[in-house]
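So, here's a batch of structures to check.
Look for chain A in each of the two complexes below; its partner is chain B in the first and chain C in the second.
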Partner chain A sequence: MEHTAVSTAGPPAATGRSKPSKWKKYRSGYLFLLPATVLFILFLWVPIVKGIVFSFENVDFVKGNTFVGLDNFRTVFQDPEIGVSVKNTLYYMGLCLVIGFWVPILFAVIISEIRRFQGFVRIAAYLPNVIPLVVLYGLWRWIYDPVGPINAALQWLGLGQVLFMTDTHWSMASLVIMETWQQFGSAMLIYLAAVLSVPKDWYEAAEIDGAGIWARIRHITLPSIRNLIGLLFILQLIATSQGYQSQLAMLDGGPMNATMTYGLKIVKYAFTQQNYGVASAMGVLMFIVLGFLAVIQFRMNNREDR
Partner chain B sequence: MKAIERGILSSYDYKRSSTRVLIVILSIVVLAMVLSMLYPIAVTFLNSFKSTVDVNTFPPKLLPRDWIGTNYKEGWNFLNLPLFLRNSIYIFAGNLFVSVAALGGAAFALSKLNLPYRKLIFFFFLMTLFIPPSTYIVPNFVNLKDLGLMNSFFAFWLPAGASAFNMLLLKSFFDDINNELFEASRIDGASDWYGFTRIALPLALPIISTLAIFIFSAAWNDWFWPSLVMHGDNRYPMATGIYKQVIQARGIKLNIKFAILSMVSIPPMIIFLVFQRFILRGLHLGGVKG
Partner chain C sequence: MQKKKLPALLLSVAMLGALATACGSNNNNNGGSSDASPSASSPPASSPAASPSSSEPASPSASASDEKVTIKIYYPTADKPELRAIEDAKIKRFEAKYPNVTVVPDDWQYNVNEIGPKMAANEAPTFFNTFATEAKMLVEKGWAADITDLWNNYEHKDDINPVLQNQFNLDGKVYGVTQNGYVSEVVINKKMLADKGVAMPSYDWTWDDLYNIAKQVADPKKGIAGIAPMAKAGDGGWNWTNFLFEAGGEIQTVADGKVTAAFNSDAGVKALDFYKKLRWDANAVPQDWALDWGGATGAFAQGRAAMVIAGADGPLQQALQAGISPQDLAVYPMPAVQAGGKHTGVLGGNYLVINPNATKAEQQAAFNYIVFDYYSDDALASLEKSIQDLKTKGQYYVPPHMDYYKPDSEYGKKVQDLLAKYDNAFKYDPSEAALLDGKPEAQYNTQDYYSTMTNVIQEVFSKKNSDSKAVLDKAAADMQSKFYDNIKVQ
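After this line comes the complex of A and B, so read on.
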């Protein structure tokens, strides 16, 4: 089926050739694909398959790997800290939605109406994205410090001191606020482009029909970007469910495992305890859960393209 | 009179006092947003010019009492920045070369050469997008160890050619280039290699610039993976070096720390302000294609 479609679309010289010369004709084309194919197999497919194999093995660099059946998975389900890490991950994902998800949508709608300085506001909103992660960590440790600027402001307002990093009630939320500060600009600009592409005469027509400002936003702007909101929602869930870097860099999973996410637990099992088998098993379990989300994303992506 | 196109609000709305109040309130909200975006960045630079006493006063003042430029000299000497910089540039340059050569070639072949089974092959590449990276981070590490790539720049360069997202970026660009251009050159007897290196790549310069910025920001940002794969300062890129010696370190003075953080923030900020157009385009591609 594919063949006939190709030969009719190809240059006229291709017609009437026999099969072996056809392969000769396309040989250089396949050579173009060779490097990428080798690299994809070597650095993506091999690790993915190895991960599944390792999850049933005890990985030992010196003595060689041994098959242990479901032992690794048993360890995962019996480790109470992994249960805690799943709860922390869900809490982190929830906080990212509550604190971070709606902010870019709100500002995209507001900023689309700005007549002057819009370029400046866009750049200002995006600038934190450009800051390297290590700078983000160093900077926000100082901002959250007991003698840092936020606590100075709280004291000036007559409020009590907040231990953003060491108080278990605050630590995860503090990380989410920090990440929202850094990442909100990119999502905002994506929404902004969508909001600005809504045809202006729709608003004109709605206004003539007596729709107020809020009604116009609710019935025209938001429905127009609904698919994009859904897509970014799924993308955020996929990203945050894997989150571990800021938890690792800022607090190393503490205080008292309050920021120990599932992703960080994988890292700890692998690179602190050198137990690559259990870590691989955790990866496989995560893959099963996230694969489900990825399928939803794929379907929404297709809808967005249409 | 209609100088500007209307948005959600019309010129009629602007005349109503209730709308005017709303606009004032929202302007304050936007101003607050802008200030809270800029304050932490400004504070990084301002703190880097303070004296040790000044930077540790509570409550902290925004501006330094005396501007001390020697903090930068001290920060420069605190760790071997040129070495880390060199390593970061090695990683960036190698990653870019492998991406353009391997992914560019594959994207070109899939997009322009009418190969049989090209949809199936594309699917083989694309499928990896749906496998979340942190699910195979551990076997990926063991795999690099098995291949003997530990502590080698090849551990970054070669996997750079296995990015489905970057391939998609290049392929969708090639898809938009007119086929006739390549067919004409083929009729004139040009090889596919000629079509790729002399026609496709020069035309793809804008998307390669976007790709270069993506790869630069990844190379400049990534601190964790290099800390696992590389051993010691001789191989660490900038981010890992800073993480190990500045963020994790206890002994470093706060003002010197901010001087170092300012220094590593400046290159990406300049790149952003100069290449805004490419970055924001890439952002849109990246955001929607996932």
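After this line comes the complex of A and C, so read on.
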């Protein structure tokens, strides 16, 4: 590499026989970085900066934007529905942890213990991930139907009917169950890779010492993937704090705003009320909160690498 | 080693070039085909056809110019093959008559949530469909082209149905062309009523009649509802407004330059109490009542609701496509509060709006396309052929209940005569149509009002003891502070 760098530097320039400048030395590398840098600037940093600028403006694509100071932020703090949406988002994040977070870990551990047909089970567990969202929503509408399969089973067991979509106590949980079913497969694959990378001889030694499955999981598997669990925990918090897709598609934030998340409220401000200024202000506030989570995730990532 | 640098450099430059091209691709609605419209990027003023006051013949059927233009047109979605067939035939005839115009179908359907990004990204088609409620917003945002000059040069402008067209004429200017319209009606599955031994009411029916029918037909254990009032997104408020109007209420009042919420009146309370009765006393609405237009009309088409409220052609089309016989379907006006009262329903409509970002030549071509089939015998022949094609496939044609032409016009009679020849063309009963009383939707923040009212409806459907007056007052106060107080009526 050293040879390459020197040889590509070309003949010494006007500076005489001094070392070639860093730019000349790494010119090819910089050029390779350029497309990615441009992409990042155009599609990541420019929108972020624009979003911050928009949050202080009344956005009008035709007549031009006008500076409105902190008005948009004032609107955010004065809108009682935004308070509701924050509560709903925290509730949604909590439900996703309680209902969904442990599922991929459990499946990864179980699948790692399976000796036959492991590949088949792995694919079967991942399959819901590839279902198109439209099909997913249609399928679960049927599953949750007042006379659908779950309610038929409940009736058969002599239990009461559950209105999964329209009962405000159930609506958010119903969406979380649906999302967990669809999404646990990808996290499971990550966990599974980590579980399978634990040295086999540790398990063999433990078995010789008389450790059962539970002891092996508790004392070898879980400690080995502890950092990964922490990392995916933070990533899940970041992802679920922005959730709005299923809430929008299945219930449009209803019934009675029970599934109106903060992300969905941003969508409503931006695209239903065409108030991009307030939507941007909400985005900036979220950016600040998520920034903290991102820092934690970044630190954990570094620790993991070390 | 020196040789390796060149490909690296070229690759980088190529990637940057590709990126720049992708970012900078022009959005001048030429369907991405620069070949098709080499002159479209030239300033509109330089085009000979640019000036709407040009001395071209007044008739839109006359070619505006030989300038090559490409227009992206509003096109039906894939689930409506019968409408696509009619549109395809129209495109063919249009391109034969205007060889300089290339027509590119675009099946984007107007959506309140999408129009902002579409216009901001300059991705909206050359003309797009919209609803009566959107006129004010589109004009204020600058998203509807002022087509007054094109309109004034249109030979049939005085023959257009004024009830519908007036909703897109603002301050003496024209911003859209009516396609068709509706007065909200109740579509009934007669077979479901007959199966329960429930007699069909007279057209001059009342809220009590609707209540009793819904109650008797409903079978919650089997998941069957007597009626499926919409209660999701803005559709819930839109559906309920029919009852508000029948009870004599208004959405808003405009006086002294101010807009004031009016839907929390006694009439509003009466209408909301009726919804409560349907939900809690009759148990006649679907148990998963959070249904939007698609959900409610879908439930009707599946035989899971005996009645649905909408512009009749949509639910009829769905029900017929789902295999329900036309003999088992009936269209009724909205019921009156009391016998002999008015059968008022929301008057709405579909309009076509031209994209103001299009060049003048494209706007002219778009206008020509919009009115191309209006009052034409070619259109009648094409319609007849489509109905015949549908017949061979065992499918039905459902005409809109109100069309762009005046119903008693000569052309209107021609259409009726044509439809009368085919048993696969759905026919509305004139005696029912005579009872329809259309009331236009409000012009200020109507979609916001509909969404707000949907929340109110969800509350009365969720809570048995909700206080109609209190929830309406709260919703009215919200609408007032969030939206109406910011409006200064000129």
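Keep this in mind: the second predicted complex is superposed on the first by the 259 of 306 C-alpha atoms of A that agree within 3 Å, B and C clash if a C-alpha of one lies under 4 Å from a C-alpha of the other, contacts with A are read in each partner's own complex, and residues count from 1 in each chain.
One rule holds in what follows: a contact is a pair of C-beta atoms (placed from the backbone, for glycine too) under 8 Å apart; a residue touches a chain by one contact, two chains touch by 3 or more.
Keep in mind that what you see is a predicted model, and the values were worked out from it rather than measured.
Judged by the touch definition given at the top, the superposed model places A:102 against neither chain B nor chain C.
Here chain B and chain C are compared by how many residues of chain A each touches, and B touches more. In the superposition on chain A, A:63 makes contact with chain C only, while chain B stays out of contact range. In the superposition on chain A, contact of A:163 is made with chain C only, not with chain B. Contacts of A:257 after superposition on the shared chain: chain C is touched, whereas chain B is not. With both structures placed on the common chain, the touch criterion links A:139 to chain B but leaves chain C unconnected.
When the two structures are aligned on the shared chain, A:77 is found in touch with neither chain B nor chain C. Legend: residue contacts after superposition of the two complexes on their common chain; A:273 is shown touching chain C, with no touch to chain B. Of the two partner chains placed around the shared chain by superposition, chain B and chain C are both touched by A:28. Residues 3, 28, 32, 35, 39, 42, 61, 147, 267, 270-271, 276 of chain A touch chain B in one complex and chain C in the other. Against chain B, the residues of chain A that register as touching in their complex are 2-3, 6, 9-11, 22, 26, 28-30, 32-33, 35-37, 39-40, 42-48, 50-51, 54, 59, 61, 107, 109-115, 120-121, 123-128, 130-135, 137-143, 147-149, 152-153, 155-156, 181, 185-187, 189-190, 193, 200, 203-204, 207, 213, 216-217, 220-221, 228, 231-232, 235, 238, 242, 244-245, 248-249, 263, 266-267, 270-271, 276, 279-280, 283-284, 286-287, 290-291, 294-295, 297-298, 301, 304. Against chain A, in their complex, chain C makes its touches with residues 1-2, 4-5, 8-9, 12, 15-16, 19, 23, 112-114, 116-117, 119-120, 137, 141-143, 220-223, 231-233, 286-290, 292, 447-448, 451, 454-455, 458-459, 461-462. By the touch criterion stated above, chain B contacts chain A in their complex at residues 4-10, 12-13, 19, 22, 26, 29-30, 33-34, 36-38, 40-41, 43-44, 47, 56, 58-60, 98, 101-103, 105-106, 108-110, 113-117, 119, 121, 124-125, 128, 130-143, 145, 147, 158-159, 161-162, 164, 167, 183, 186-187, 191-193, 196, 217, 220-221, 223-224, 228, 238-239, 242-243, 246-247, 254, 257-258, 261, 264-265, 268-269, 271-273, 276, 280, 283-284, 287-290. Taken together, the chain A residues at the contact with chain C in this complex read 3-4, 7-8, 27-28, 31-32, 34-35, 38-39, 42, 60-63, 144-147, 161, 163-168, 251-252, 254-257, 267, 270-274, 276.
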